[in-house]
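For clarity, chains are labelled A, B, C and D in written order, and residue numbers in each chain start from 1.
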Amino acid sequence: MIVEMRTGAKQQEVDDVVAKAQSVGLEVQLNQGTDKVVVALLGSNTGQIPTDIFAVLPGVESVTRIMKPYKLASREFRPRATVVDVGGVKIGGNKVIVMAGPCAVESEAQLMQAAKAVKKAGASILRGGAFKPRTSPFSFQGLQQQGLQLLSRAKEETGLPVVTEVVNPQDVELVASFADMMQIGARNMQNYALLTAVGKTRKPAVLKRGFANTITEWLLAADYLLAEGGNHAILCERGIRTFEDSIRFSLDITSIPVLKKNSHLPVIVDPSHAAGHWSLVPAVAKAAVAAGADGLIIEVHPNPKEALVDGLQSLSVSDFTRLMGELKVIAEAVGRSI
Amino acid sequence: MIVEMRTGAKQQEVDDVVAKAQSVGLEVQLNQGTDKVVVALLGSNTGQIPTDIFAVLPGVESVTRIMKPYKLASREFRPRATVVDVGGVKIGGNKVIVMAGPCAVESEAQLMQAAKAVKKAGASILRGGAFKPRTSPFSFQGLQQQGLQLLSRAKEETGLPVVTEVVNPQDVELVASFADMMQIGARNMQNYALLTAVGKTRKPAVLKRGFANTITEWLLAADYLLAEGGNHAILCERGIRTFEDSIRFSLDITSIPVLKKNSHLPVIVDPSHAAGHWSLVPAVAKAAVAAGADGLIIEVHPNPKEALVDGLQSLSVSDFTRLMGELKVIAEAVGRSI
Amino acid sequence: MIVEMRTGAKQQEVDDVVAKAQSVGLEVQLNQGTDKVVVALLGSNTGQIPTDIFAVLPGVESVTRIMKPYKLASREFRPRATVVDVGGVKIGGNKVIVMAGPCAVESEAQLMQAAKAVKKAGASILRGGAFKPRTSPFSFQGLQQQGLQLLSRAKEETGLPVVTEVVNPQDVELVASFADMMQIGARNMQNYALLTAVGKTRKPAVLKRGFANTITEWLLAADYLLAEGGNHAILCERGIRTFEDSIRFSLDITSIPVLKKNSHLPVIVDPSHAAGHWSLVPAVAKAAVAAGADGLIIEVHPNPKEALVDGLQSLSVSDFTRLMGELKVIAEAVGRSI
Amino acid sequence: MIVEMRTGAKQQEVDDVVAKAQSVGLEVQLNQGTDKVVVALLGSNTGQIPTDIFAVLPGVESVTRIMKPYKLASREFRPRATVVDVGGVKIGGNKVIVMAGPCAVESEAQLMQAAKAVKKAGASILRGGAFKPRTSPFSFQGLQQQGLQLLSRAKEETGLPVVTEVVNPQDVELVASFADMMQIGARNMQNYALLTAVGKTRKPAVLKRGFANTITEWLLAADYLLAEGGNHAILCERGIRTFEDSIRFSLDITSIPVLKKNSHLPVIVDPSHAAGHWSLVPAVAKAAVAAGADGLIIEVHPNPKEALVDGLQSLSVSDFTRLMGELKVIAEAVGRSI
């Protein structure tokens, strides 16, 4: 941490910074420049100390972090890439894992049809929402427990492990008993009560990026999951909120190499929620694999025209099957399989 | 809702849109232009129908909402301004209400000192955090139940009603038993499980704007609170996330007149979290009152240098006292008291 | 264009909207709903009529565009993809075109070394800045006319056509006499005097996206170039400004399929300025080709450590050579060559 | 400037950083922490040295600026507030200066009517656009030279000094011969050719903030104006681009105190372009004065319904007159006159 003193700061003000730093166990080195004093604070835990405790002192102009504030999710903490096992499917290895299925579980017929179709097309994991966080209280909120039972039946039928969202800490135990992997949605990325409850299960969890959260905040949220003792977090880029209005969210493609550099966790991409329109999903999915994503989570509906939720961004079975063929070639072009 | 057909769309495709609209109870009017057909869908509940169910149909180019999607929070639903009563203090009337106190309750001494000081300076409500949502799992998470008890004691001592944050649906009953008003933080604005739990208590609630949420999404979140039967929501602008990096968040000052136009709910402003630095708080607070805010929520700490959380953005007692004097004159300039 | 009247708007107010519409040559269709009147304005030139002239009328709640406001750059105007010929190199066809070279022309030795190296690695066009728009007036501003002469010499030597930036309308004639293609930088995307001057030359021009401009504004800026009679504009995505702070700009990967859908112009990507760091360039470049880009413009420097401008985002010759090999495989995976 | 070396960086890599720093005249201090080496680079001109030249070196993890990169516009360079004299009107002193008039000069009748009305209501400077930068090439581009002559006539008639926009370096001399102050629009904030041409005239200039530019970039652009020897720049906040879609731009109210802290230049606010709707202008204007703005620039049209440009955001004469009365009281509440 670097504390820049104001031009003309008094010796007493510099001394106060030094004393504060020493009181929290940091080493101090003073840099006396021609114009101002710059104080370097050193120690292995500076990332976990708030900058405010120095910024608030008289005579201080600015405080700059050098160490990253996240810890357990960082590449420095664990240099080797983490591979997460989801019901026998390995995420973070050479194979690019495709998870697919409907946005919401609507009925047994719809889910079974979707599950068999995505399996046939090559998906490795089945996705489907039972608890749906909706922008309006007057929208369909999901089949809830009944949806979980249907997912369970689809798993029996197809052998595909299942990923589904959990939105309330009180439901975590229930959802964990049905799902192979839980998903924490973008709106809940900083719902710390939920993160802690999911972390405690030590089951694999997909942590979607909040649509206005920096990569640093995202990895700090992953720290909440990992702090409970597991190592089963998967990061999912799903687009960020920008001024661009032709699409729902702007997929941050560069987050993939940035995460690979700074974290050991697997990275997957949700092209459906980012693009918001089925016609844009294939281009975004192909880009994600080319940029190094370890997996994709794609919305597929047997009949998008009749979908209760997000039909516009769902691929039909035939579009998904065609896309899987295209993705296979891209995966091979970057030295991976799918 | 306006459905624009693609240039050259087939008659069958237009008919399918018409049939879909009629199936959900909407009136239809066709507009046959020189280049394309535009279908107007009319009815009093179009705001609650997802645009996707039309956008996904073949031959459709775009679907545009005319009705606002939020309902209970809208000015159309309730034309007169709502006044919320918080332990005898009225928010949304002529008087601008100032809520002040420390970011986090740290100890009995700290809280009592703060409570007495802000009361003396003219604040009407005491704020203080017992449950603290923190970006890192390794940061101080608040005194929790003990913090609530201290707030309760401070209320007895000073007579000030108390507002405090709740972060977990499981804690709502507990927090509601201590607080006169609950606060839903920015990170939880779309935590629907929490909104519903708080709404069910029918106690006054401050709903902070998510830092990347549009005003429309914010009013939809307020609909979740109001849908449980109460009418006690207060909207709190606290800055949005933009590219500007000299401050923590960019306070969206224009949201005040926009909310006053579109909603009947009271609007307050949190200048402390937006600015992120005590030296910027007074200018933002004065601007908020001049723009028509019904209240302010300001962080004040008896000793900002020793604060465990957010010391940098906390005003000292003397700075807060001076600011209250300045705000009084601004409030009078816009025909209000403070 | 759809004009939504306020609930309870008077007949006279509706009549005034109709009269205004007829005065600018639009057809009118009234939609009388249960709650409000919605007026549809139809005609082939509604995209070029400002919405304000209706929004300002009494009784109007909102005005929504249906037609896109851009014209010459639109897919509706010209359904077939445009191919631009730059000194014999075709951009917008099956072959993905790579343009490479140093950010700034610094010296004859530097430029010749770079030019020969990028040609050897497979680039089709040489890039190099002679006029450099710099954030600070105290930074190196480019070799200017001397830089143009060096580019000309490099072209003779290698046979590669040359693209270079122009920043002042007064320099357009000069730059056009040396360059095969001119580049309009992101900061000048809405510098209409410059766009018009470049358009008048009818030479190929790369139009970089302003880092806070929507795709609609970008295509409107392309209209300025095309309005002068040529059809030689190429759109270059180079990242947009968002809240994310781990990179310089967030590359908007979805803009590629969105542009392909809405415009006939070729689309290229600049991974170097978006990423801002050489280590992130390969992932972004591969993603761009996978998503359908017609070309790339990449900064390559024979010695990045000594670069006067943007050394951090420049690839070394060996890194670029390796990347070209990887891009070749990706291009083939999407059915193209490089 | 602070250079953080990677954990495990070699001694040679540290030595290379030191050598590079010394080669550009900087002092060096090494900070040997337990985990990594941090190199502090000191000197009075570090703000003008690009961070890239260190970031590109092997073994370097990050480079952080301590000194601000702008110079002439900074408070450190000139501690006392600058007052700019525009035809006898002083901007930056105790009096809040209101500039008002139509967005575009449309005709002699329109301009004269507007000029007399805004003078009567208390405005000190007349605004009016002769050269209009428009998003579409098919929109009205302004009366150009004829518009300048009309502004000149309005000045004679009313005695109000005149401010008008210039968009092309080639027109600077012409515009300067008619205007008391030139305006550089948001889209041209980083049009360095234009900034330099305007700076060379040493006439007062309003520099509008680019709608996606940070405050740091804005002050760097001001450096371009000041680098030509004058001291006549005025900064104009006019809203920034964010995700919020209920308004045209989000006015960054906090930029006012941030600029006052970091720069000596006067700060004015344009509530009309930010809000985009006349009904929102008064709240934003009052907030700006309360937050410490030195002036306002407001669009006023004698007949907004017939305006050729931006009628929706223009105040009528009666609305403007009422607003001036309200602003007077706010100005007094913050110890100023209007």
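By definition in this document, a contact is a pair of C-beta atoms (placed from the backbone, for glycine too) under 8 Å apart; a residue touches a chain by one contact, two chains touch by 3 or more.
Given the structure is predicted, the values throughout are model-derived calculations rather than measurements.
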| item | value |
| --- | --- |
| Chain pair with more C-beta contacts, A-B versus B-C | A-B |
| Remotest chain, chain B as reference, centres from CA atoms | C |
| Between chain B and chain A, distance of the C-alpha-averaged centres to the nearest whole Å | 26 |
| Computed distance of Cα centres, chain C from chain A, in Å | 31 |
| Cα-centroid distance, chain B relative to chain C, in whole angstrom | 38 |
| Multi-partner residues of chain C (at least 2 other chains) | 212, 241-243, 245 |
| Chain A - residues contacting chain D, complex | 2, 4, 7, 27, 29, 31, 33-35, 38, 40, 42-44, 62, 64, 66, 76, 212, 241-243, 245 |
| Contacting residues of chain D [partner chain C, same complex] | 48, 50, 52-53, 55-57, 69-71, 133-139, 167-170, 187-188, 190-194, 196, 210-212, 217, 220, 223-224, 227, 241, 278, 304-305, 307, 309-312 |
| Chain B residues within the chain D interface of the complex | 212, 214-216, 240, 242-247, 250-258, 261-262, 274-275, 279-280, 283-284, 286-292, 326, 329-330, 332-334 |
